[in-house]
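In what follows, chain A forms one complex with chain B and a second complex with chain C.
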Partner chain A sequence: MSTTPSKRRRALAAVGAIGTTMALLLAGCGARASDDTAQAGSSAAASCVDTSGSTIKLGFLNSLTGGMAISEKTVSNVLHMAADEINASGGILGKKIQYVQEDGATDWPTFAEKTDKLLTQDCVAAIFGGWTSSSRKAVKPVVEKRNGLFFYPVQYEGLESSPNIYYTGATTNQQIIPAMDFLAAKGVKTLFLAGSDYVFPRTANAIIKLYAAKLGIKIVGEEYVPLDKDDWTSQVAKIAAAKPDFIFNTINGSSNVGFIKAYYDAGLTPAKTPIISVSIAEEEAPAMGHAVTGNYASWNYFQSLKTDTNPKFIQSWKAYPNSSGVTSDPMEAAYISLYLYKELVEAAGSFDVNAVNAAAKSKTITFDAPEGKVTLDGKNHHISKPGHIGQINANNQFDIVWASDKFIEPDPYLEGYDWFPAAIRKQLVGAAG
Partner chain B sequence: MDALIPQLLNGSAQGALLLLAALGLSLTFGQMGVINMAHGEFLMLGAFTAYLVQQVIAASDLSIPVALPVAFVVAGLFGLVLEVTIIRWMYRRPLDTLLVTVGVSLILQQAALQIFPSQGVPVEKPSWLDGQLNVLGYNWPLRQLFTIVLAAVCVAGLSAWLKYTSFGRRIRATVHNRDLAETTGISTRTIDRLTFFVGSGLAGVAGVAASLIGGTNSQMGAQYIIPAFLVVAAGGIGQLKGTIIAAWVVGVALSCFAYWTTGSLAQVLAFILVIVFLQLRPQGLFTVRTRSLA
Partner chain C sequence: MTKLKPWISLSGIGVFAVLLLVIAPLVLSDHWLNNVGKYCCWAIAAVGIGFAWGRGGMLVMGQGVFFALGAYSMAMHLTLETAGDQVPGFMVLYDPLAPLPAFWEPFRSTGFTLLAIVLLPVVVAGILGYALFKRRVKGAYFAILTQALAVALATLISSTIRETGGDTGLSDFKYFFGFVLNDPANKVMVYSIAAALLIVCLLAVWQFYRSRFGELLVATRDAEERVRFLGYDPANVKLVAFVVSALMASIGGAMFVPIVGIITPAEIGAAASILMIAGVALGGRASLFGPALGAMAVGWGQSSLGSTWPDGWTYVLGLLFIVVILFLPQGLSSLPARFAALRRRPTVQPTPAIAAAQLEEVRS
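Up next, the complex of A and B:
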């Protein structure tokens, strides 16, 4: 997910990154890694990760202040919980995790600067965090230049893959396409698209329109409101007039509350005009100020999932200090990211980035996640995931009403879908920057 | 024609919310020259007050009417504290008030983030606002009507207070000529404090209305502060009727542009409209004729 960065901001990010880089080059780095035998793939300086002691440093980079703290604080807490769990069971390659928490402050140049600081000053072996696509796109050039590792835990618009990033949230063919399959199975004929105005909803809706044409679903309207505006009344009036069978909701953040309020204010109901959302989960559902019972959401993980590992995850989270008491998809993806890193390092037998990437390609890396046993795709750095559709019940939990028949292999560029033309792929990749 | 009626009605409600957010500013900025960037956070305080009142009085039918005066007092007291501790040292230095109050707004936002769940808190609308009013074939949400009525009550109350009470007369005297008002024995210090209390309190009332429209969270104030300042500037500083007209025009423009174009473009177009207007008429719709020499 993301807020679109302006060119100016990106330029600022670059200037910031260059500034920090210069300062750090002058200051020099700490101890060299004992196991950096493999040559760095890029022009990056040799890693300064210290693996000689009994601990290994990892960086957590989440917005703890500013607008995105609303979502990212929870991810940070889950990462801390996963680190505590791993440490209690012996650490990674026998080394205890020593984490360095940094605040991205909802500011994309800060994400770039903090990434550089974590890699060159704190000398962490890998960084975990980010939420918006803008934050990921700010981190990407820095981890690529420094040949670091970044684990990104949120469902997003796809069309990206980097040798230095691992994506543990869903890409579009694991969340958007299952949602459309569900709508087709329900016999939906008309659909209205409502989204926040930034890269994720715009890209998701471009894909939805192409797939809808193939499925024979008619798109009867498409509306966007800026992320920082909550009032949806005028747009909901248009939805009420269009009378669609279903509303596909790609709105994010607090604007969702405004949308839900306007929806019920206008007299729309889940019985006649249900909503399917891709960013309302267990944490958000009770915060809408109106019961959202009967509406739907598409995720890979739900708290209500019956798997072997889910009860333990829920129990640990409920007992964790500062816990919100419910588990949700982005939290679970963050939890996966740290364990996936542990599996990768132990398969590689080394904390070295190139060794880890080589292990990802040559070995089968799996993890018994709360959503089920996920497998890493070593080529595109995404993971396989089950598609699930949940219907919100009176307790703000989700009753699972649809599941994909098997785990969906990640396909960030939608290359396995014949209705997705190469020209549009090229255009969307270009637009996403 | 059937497209115009919903936009006029929804636009009026949008304008009413803008007006509620701008009323307090037109007092503190317009009458006192203080650029209070924390005004949006006073609005947030009002919304959180609505949530807290709802925790005490569970029935939302009753809790929202109770929350309105409580939010007024809570936000007003915060404003009073801000005035007494910080703003009083900065009169006639508007740029300094801007910088200091940006800092105050960040502190209040972060405090809200620490105290309340980071996802925001739910505020439920009273059941007597469920349903719609059929206006010439359009099902107009009752909640929209509520915002308009609330704004009308606040405007009527404020203008009556300014016009008919001795406090109101003293405020107007101070605005027209502070030095002369002082020589006639008006305590301008007391007037300043009271004006700031009422201005901030009105933000609290706006916050209760906003909590019924969008999310109640630490970031909510930010989306109202800039439009509210634009409305006050376009209306003409220190002029209630200018603020009312400007808020209504901006609200209807936002709604109509949103219908003809998209929600995002509407924001851009509405503010271009205001900026072009201010280029042509920098003093705003109406001006106060002051007797001061400055």
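Up next, the complex of A and C:
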């Protein structure tokens, strides 16, 4: 079949028509970067949250499938428990919580899509969840665009703030810096950094290197393995060769199992080359395949913590359906996040995002958490936390070997630390807007 | 499958264009319009796969590579546009003092970015295709090789976090060539560009199918040696189809970025590349509309079934895939023709297209 000229002309005409349509579309468009008013005007999309009924909709966004499901299912489950507790005691502003559970599927674009869905289709008043910093970075532009609220429950690398995100996990000065102070006090001279290859470990290690220089600790090596890879053999061989006093472990998720296996296979022991981790908690310790007794972890909450509120929290969790039986820092922070939202809304007297943010700034918001009484910093949307270092005992629980003398105020941009370059802080704060 | 008359296909494209460009923006909420925009990007890549695989017989299992070339070119430009004269924020996080990598620099220019989206896949697919087809690499070897490339590129991007954003990807774009991305009117514009590009790709493929080249491509698929004896070089024919499909994947990737607002290695790796193929197979690889509609259906399934049934939806997709491959090898779009053939069976012989398809099944 050959193409006749008339047919070809018709095809060309069709392409031309499409081109014209596109040109018209481009011409009839909205704001350009040069319009100063554009950004302010566009972000104020009308909220569709329904506050007229006897219930209020909230969104829970956790990876129920994929590699992070093992950790995030627990967060999802504890959020359900907190919602049940709040509903049993009268709800938020007298309204019962009706939650919409979404799956982030360990895929960052999915987190972005589901955030948009929760805010615009389900019209939830706030979203709770996320685990990896990558998921939070995917959610951030969406909640900012839609002027929604996102409560993030996991310790992270700091250097971030958003009017639309509340952080109930530790920032660097509440977990990493206390860990470094602990190592310096122990007389550690050489340190090896091992981490997963994504935002949190990379950024945390950049900060660790800056602080180590100040403390006089020498970094003798730095190795990364992708989140979904378990083989640490060649990297651990480098650790064994470098003979550091301590290993700083920022590996996340199941990759830790491979790391611990390689660690013992290489003949390393907690007695000679101990590990300090920031992602191994009560949940993970028994799943390492080896006894990890003697190694350390830096967290704000441990199940072994003696506070007035902790025994009840542990008891409720053990009794909750499908619970893992042990409590840990990230799930405790998730538990805090829902209660903190309740306190915020009740202080504001409204579910409106701007009213909630205004209440955060003008009022003192506190919650008697299992880790102690935490206070919200209304300016940076983080909470005060006690610093703790625990050593793993034979029962895979943590013996607390160090505690901060008071609650540490959150300082996400490390403004109280002169070793952090001011020019970089300025640039990051500027980028955050 | 019976061949439709050209004007029927053309009016089909017209109806599709009206649905996507006029009806969809009027009836869909901006959340769903954005989702349909995303499906359009996958559909653009799928049209290319339909061309190379359905018509050309090349099982391109690594279209994620070309999707990535377009997507990352666009993402680097939008990241730099957002950062202004500063180093992008994510780079500062990992190494506070290092400068912008040299290969990022040209992506500041709008012209260079648009050229890169078009030329990079053409050059890469051109060199790759030339080397493979001239050596007569085909079948499973070709499929495995392209798949391996997608895995390799995803791994490379994951392991170069400071240069490419790594596993976390590139996100948080504020502007699209000077337009504020948060403005709903601009989101509709970006959607419309993607939808229009899909229509343009369908028209291009429609034109190809009717041309002598299209006939030659099908001939190469079904009897490569005979084509060679007739004096044509099958390598050149396949090369053109491969390059066209790479270009379409790149365009799809480039539009994916402003619509979805984030690109990560997971969207271009092995699983993503196979999902692109799955949509094409479901819809019907050799038909005009099958690949695009199949890709959009898979995208829709991911958004809606993935929400209501997170654990189960991938099984549904897998099952559907098996059923289609077993009972409907020409995809869902061959259903009407099958019914028609059933009704006419006593009087009509199988059409040449069905005979060719059956021949291909026997051989593959």
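One rule holds in what follows: the second predicted complex is superposed on the first by the 380 of 433 C-alpha atoms of A that agree within 3 Å, B and C clash if a C-alpha of one lies under 4 Å from a C-alpha of the other, contacts with A are read in each partner's own complex, and residues count from 1 in each chain.
Note that a contact is a pair of C-beta atoms (placed from the backbone, for glycine too) under 8 Å apart; a residue touches a chain by one contact, two chains touch by 3 or more.
Fair warning: this is a prediction, and the values are worked out from it, not measured in the lab.
Looking at the shared chain after the overlay, A:Thr74 reaches chain B, while chain C stays out of its contact range. Comparing chain C and chain B on the residues of chain A they touch gives the larger count to C. In the superposition on chain A, A:Glu283 makes contact with chain B only, while chain C stays out of contact range. When the two structures are aligned on the shared chain, A:Thr65 is found in touch with chain B and with chain C. Applying the stated contact rule after C-alpha superposition, one finds that A:Ala184 touches neither chain B nor chain C. Judged by the touch definition given at the top, the superposed model places A:Ala242 against neither chain B nor chain C. By the touch criterion defined above, A:Val429 lies against neither chain B nor chain C after alignment on the C-alpha atoms of chain A. Contact with both chain B and chain C is seen for A:Pro226 once the two complexes are overlaid on the shared chain. Once the two complexes are laid over each other on the shared chain, residue contacts for A:Asp197 go to chain B and to chain C alike. Touching of chain A by both chain B and chain C, each in its own complex, is seen for residues 65, 197, 224, 226.
Those residues of chain C whose C-beta lies close enough to touch chain A in the complex are 6, 10, 13-14, 17, 21, 29-31, 34-35, 38, 81, 83, 86-87, 89-90, 92-97, 155, 158-159, 161-162, 166-169, 171-175, 178-180, 182-186, 188-189, 192-193, 196, 199-200, 203, 206-207, 210-212, 215, 260-264, 266-267, 303, 306-307, 310-311, 314. Remark: chain A residues 1-3, 7-8, 10-11, 14-15, 18, 21-22, 25-26, 28-35, 38-39, 42-43, 45, 64-65, 102-103, 105, 107-110, 112-114, 116-117, 120-121, 133-134, 137-138, 140-142, 145, 157, 159, 197-199, 202-203, 206, 210, 224, 226-227, 421, 424, 427-428, 430-431 touch chain C in the complex. Those residues of chain B whose C-beta lies close enough to touch chain A in the complex are 6-7, 10-11, 13-14, 17, 110, 113, 117-125, 129-132, 138-139, 141-144, 210-220, 222-223, 254-255, 258-259, 262-264, 266-267.
Of all the residues in chain A, the ones that touch chain B in their complex are 65, 67, 69-71, 73-74, 197, 223-226, 228-231, 233-235, 237-238, 240, 253-258, 261-262, 264-267, 283-284, 286-290, 324.
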